[in-house]
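Below you'll find the structures, each written out as structure tokens.
In the two assemblies presented below, subunit A is common to both, partnered first by subunit B and then by subunit C.
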Partner chain A sequence: MQNKSSLASSVGWALAVVLAIVFPLALSSIYWTSVLTKIIIYVLMAVSLRTIYLVGEFSLGHVGFMCVGAYTSALLTLKAGLPLALTLPVGGLLAGFTAFSLGYPFMRVKGIYFVILTVLTSESFRQLALNWKSLTGGIDGLIGFPGAGALSLPGIGQVDFGGPNEYYYLTLSVVCVSLYLLHRIEKSRLGFIWLAIRETDKMAGAVGINVLRYKVINFSVACFFAGIGGALLAHSEQALSAMEGASFGIMTTIYLLVYMVVGGRMRFEGPIVGTVVLSLVSEFTRPVEEYQPMIIGAIAIAVVMILPDGLSIIPEKIGLWRFKSLIAKSKTDLDPKTQEGL
Partner chain B sequence: MNLPIEAIWQGLMNGLALGWIYVLMALGLTLIFGIMHIMQFAHGETYMLGAYVVYYLTASLGLSLLAAMALSMVVMAAVGLVLERLLFRPLKMDWASAVVGATGLTLILQSGSVVMFGLYHRNIPLLAQGPFNILGTVVPKDRIAAVVAAVVLSLALYLFLKLTEYGQAMVASAQNPEGAILQGISPNRMSALSMAIGCALAAAGGTLAGSLFNLSPYMGLVPLVKGITIIVLGGMGSLPGAFIAGMTLGLIDGLVPILFGAAWASIGPLLLVIGILVIKPQGFFGHAE
Partner chain C sequence: MAAVIDLDMVVDQGQIFGLIGPNGAGKSTVLNMVGGTLRPSQGKIIFRGKEITKLSSHKRAEQGIGRVFQENLLFTSFTVLQNLLVGCHLQSPISLASIFRKTSSYRSREEALMKNALDTLKFVGLSDYFCEMAINLPHGRQRLLALAVALAIQPQLLLLDEPVTGMNAEEVALMVTMIKALREKKGITCVVVEHNMKAVMGLCDRIVVLNFGKRIAEGSPQAIVENKAVIEAYLGTDEDVTSN
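Take a look at the complex of A and B:
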């Protein structure tokens, strides 16, 4: 059973990656490539948001750390002329470091109090980006910083990532590596400590786990990947704005939470499913654009009311249901004599 | 730095008016949280809708601002009752689901109002016209009127909670839900009451802000963030804490941009919250859970 399910999940992952590789070639439209790039970036954001949920906390401030990563990377390429291969990790590290320094005061509170603090953080970061005119361009935003350009890859040499398709594949590989790392961390000792903290933090403290420290590590790791996502987004759009309706507004942060919960917060693949499904819903409802948030909001409310464990639980539920009906069937089929023999 | 005294007075009065509007938001939020243990993230949308109701009442029915504000508070209280029954009561058990429910509601109400009202700014009548003389400095009258209206409403809430039977029942239900049930106080009825009062206060705040500045479908975000900041600073469920934190945030918004620049005003509340959390995690007047 264990082997079978792990085989099935490996096949599922491989299929997902193959689909992600083939799609832009099959669709061959710049528009769809840019949509897919955005979806892939939001997949990373939603999955790293779920990492925070591993210690039992929700964050409504993930987009703030995305903002830190995006502005860091954009400013470094614009003002210092550094290549993306350097600015991408630096953007992530700065976001992670910001989270690390905020983590010590923030992780002292739990539940809804933590949610409140994260909302405040992301709004403050956005307001700061909006008001710090000399650095971030203020209301005008930041434009004119370069895209990925040519990067030298070890073993392959110079590769040009300037085009939309090339940038998509760059994003896809960065996100795949990040997801792999997040998955490994979740299955490692660190991940189990996080789960222990989520289940009963007092007990975890009693058996000698430094709860605060591990929560801060968790927050920093998650926000590091949020910074990476932000940097990827910045160089994909090559324009940044801190206005209310733009990428770093409160709407995005709500969307990320909804993606995670609709997909299913208990499973690693949940946020991926949620992001892809809801992004496609948004994409196909583009003709009625002004109703999009309404549709997403209605889906979110319907899911928490009817299916609190999210969409990714559906195959399991169907499997369980089939298993149960199979047992019922085999019981009626069995000869009473053999049953007595058991 | 040489600033004219008028500019400082102006900032002070703006800050005072803003602070009281934030206090109205925070009172509703903390009331709802105290009873239902739900953070109503759609409270900013209630605030915005309350202001739009006033806009339609004054513009098309020609009601006076005060009458329209009272009517809008009643309308939003009814909306609050409906929301409590249909959305928040089923989600009350799991705080995480409630967060998603409330944020989903935010999406629905915000995009709904963009569709219905459009993105351009609108105005509702001023609270009062003309300047006012205090200590030889000229201050616009409408700021003072807003402060007075907000103080009256906050005081009314305070007296309601202290003196009436229903108010005492709400306090009891917030302090000890099981004990309150034993005394025959229905938690569901108290939840409904807290949502109704909270939404009415938000509508009043929205009206005051709408009359000082202008209306837009996104106007609810800033007061929502300020409201929840006040709750963290002042301590959950503490009325004096909410008052002091509200004044602090209002004065930061009014004075810091003039004195130090807008960037500091935007990061100030966050620094304040971090400072408070390091020193006293329960807020100014909060107590440990």
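Take a look at the complex of A and C:
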């Protein structure tokens, strides 16, 4: 049974990757390629946000670390002329290191207090980017920094990732590797300890788990990938703004949280499903943009009420329903009364 | 206002030490202070000649202090075996490399961990339930599982906060036998906070009685039963009865 479900899961993952590879070629539209690029980046953001939930905390400051990664990578390419192959990990590392430094005071508090600290930090980062005019361009933002350009790939040689399609595939590769790493960590003993802390940190401490240390590691890992997401976003748009309505505002974090909940916060694939579905809903409802928050909100309420475990539970529910109907059918077939009737 | 005042208490190695008193006497506070979930505002806690007053609970677990909580704390959405594996955490430190590459030494360590977990389950009689979800176990077995998790850290001292609360007579007898076996087979020192007087009297070598955070009596179970101050703390004085 377990083998069957893990085979189904592997097939599902493979299918998702194949679809992600084929879509831009099938659609052959620059607009849709850029939309898909953004969706894939937000998939990474939502999955890394869920990583924090593994220790039982909700962060409303994830975009703050995305902002750190984005500005670091953009500034390094713009001012130091470094290639994306270097600025991308540096963006992630700086975001992760910032989270590590803040993690020790932040992870001493729980629940709503942690949420408040993260949202204030995120807003502080945005305000810093908005007001440090000499470095970040202030209200005008950063414009015209280079995209991915040509990167040297081992075994392939120089590949130009300057075009939208090429950049999409670069983003897809980086996000796939990041998701693989996050999945591997979650399924390792480290992920197991995180879950134990979420269950009861008091008991975890009593069996010798350094709860604070593991929570800080968790926060740093999640924010590292948020930084990677930020760097990818920066070079995708080749323009950065820290204005309220732009990517680093509080609404982006709220949407990431909604993606996670709608997709299913208990499963790794939950935020992926949530992000893809709701981003496409946002895209198709663009003509009525002013109603988008209401539409997304209505979907979120409906999912929470009908499927509290999120959309990613649907295949399992269908499987269970089929199993039950098979049992009911076999019972009817074996029932002597029904057989008499025949 | 203090929950515990001027308490001077020595527990000898290999002893089963009882801590009793009416509700609100400060018994659990004492266990919380020894276990590291609460820090005393004054005074010292010494364990095996080393001061541990400022150590956090995970550091105290490293020193060999295990804990069974009053509120039946367990990793409820884990299986019985997974609960034990969390308990064995100290015996298998996590390295970054082990996340991505499982070396043969890592695998053999994991096997040893599994064996230790299964042995502990066998000791408390929960071997048959290893793949059961902890939340689905009946109360008595959950208490045994909590004991097994505490044993998984291989403690020298075990703090048991109301280990037999909510159990039926048969389960109480089993738990009492189990705690005695801990001392006899593993040499573990136990500090037991309990309201079930029959269990306490049958189990403990020495008892301290607390009332309003102060020690009112100390001695053998027999001496405690006959102590006037203890009887008054539990039943009240003649004056209390008259005034009511």
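Keep this in mind: the second predicted complex is superposed on the first by the 330 of 342 C-alpha atoms of A that agree within 3 Å, B and C clash if a C-alpha of one lies under 4 Å from a C-alpha of the other, contacts with A are read in each partner's own complex, and residues count from 1 in each chain.
Following the convention adopted for this analysis, a residue touches a chain if its C-beta (ideal position, glycine included) is under 8 Å from a C-beta of that chain, and two chains touch if they have at least 3 such contacts.
Computed from a predicted model, the values in this text were never measured in an experiment.
A.B. asks: Put subunit B and subunit C onto subunit A via the superposition and say whether they clash or fit.
C.D. replies: In the superposition, subunit B and subunit C stay clear of each other.
A.B. asks: Which one hits more subunit A residues, subunit B or subunit C?
C.D. replies: B
A.B. asks: For A:Val211 in the superposed arrangement: first (subunit B), second (subunit C), both or neither?
C.D. replies: The second partner, subunit C, only.
A.B. asks: I'd like to know which partner A:Ser124 touches here: subunit B for first, subunit C for second, both or neither.
C.D. replies: A:Ser124 sits against subunit B, while subunit C stays out of touch.
A.B. asks: Once chain A of both complexes is superposed, is A:Lys317 in touch with subunit B (first), subunit C (second), both, or neither?
C.D. replies: neither
A.B. asks: In the superposed arrangement, which partner chain does A:Phe192 touch: subunit B (first), subunit C (second), both, or neither?
C.D. replies: A:Phe192: touches subunit C, not subunit B.
A.B. asks: Quick one: the Cα-centre angle at subunit A between subunit B and subunit C, nearest 10 degrees, please.
C.D. replies: 80
A.B. asks: Of the partners subunit B and subunit C, which touch A:Arg184 in the superposed model: first, second, both, neither?
C.D. replies: A:Arg184: touches subunit C, not subunit B.
A.B. asks: Output check: A:Met203 vs subunit B and subunit C. Expected answer is one of first, second, both, neither. What do you get?
C.D. replies: In the superposition, A:Met203 touches subunit C alone.
A.B. asks: Should A:Val115 be classified as contacting the first partner (subunit B), the second (subunit C), both, or neither?
C.D. replies: In the superposition, A:Val115 touches subunit B alone.
A.B. asks: In the overlaid three-chain picture, find the nearest pair of C-alpha atoms across subunit B and subunit C and give that distance in Å.
C.D. replies: 11
A.B. asks: Can you list the residues of subunit A that touch subunit B in one structure and subunit C in the other?
C.D. replies: Correct list for subunit A: none, the interfaces share no residue.
A.B. asks: Provide the residue numbers of subunit B that touch subunit A in the complex, in ascending order.
C.D. replies: Listed in rising order, the residues are 33, 37, 39, 41, 87, 90-91, 94-97, 99-101, 103-108, 110-112, 114-115, 218, 221, 225, 228-229, 231-232, 236, 261-263, 265-267, 269-270, 273-274, 277-278, 281.
A.B. asks: State the interface residues of subunit A toward subunit B in the complex, per the touch definition above.
C.D. replies: It is residues 58, 60, 102, 105-106, 108-109, 111-113, 115-117, 119-121, 123-124, 127-128, 130-132, 244-245, 250-251, 254, 257-258, 261, 265, 290-294, 296-301, 303-305, 308 of subunit A that touch subunit B.
A.B. asks: Applying the document's contact rule, which stretches of subunit A touch subunit C when the two form their complex?
C.D. replies: So the residues of subunit A touching subunit C come out as 184-185, 188-190, 192-193, 195-196, 199-200, 202-211.
A.B. asks: Within the complex, which stretch of subunit C touches subunit A?
C.D. replies: 35-37, 56-58, 61-62, 66-67, 69, 73-78, 82, 85-87, 89-90, 92, 94, 98-100, 149-150, 152-153
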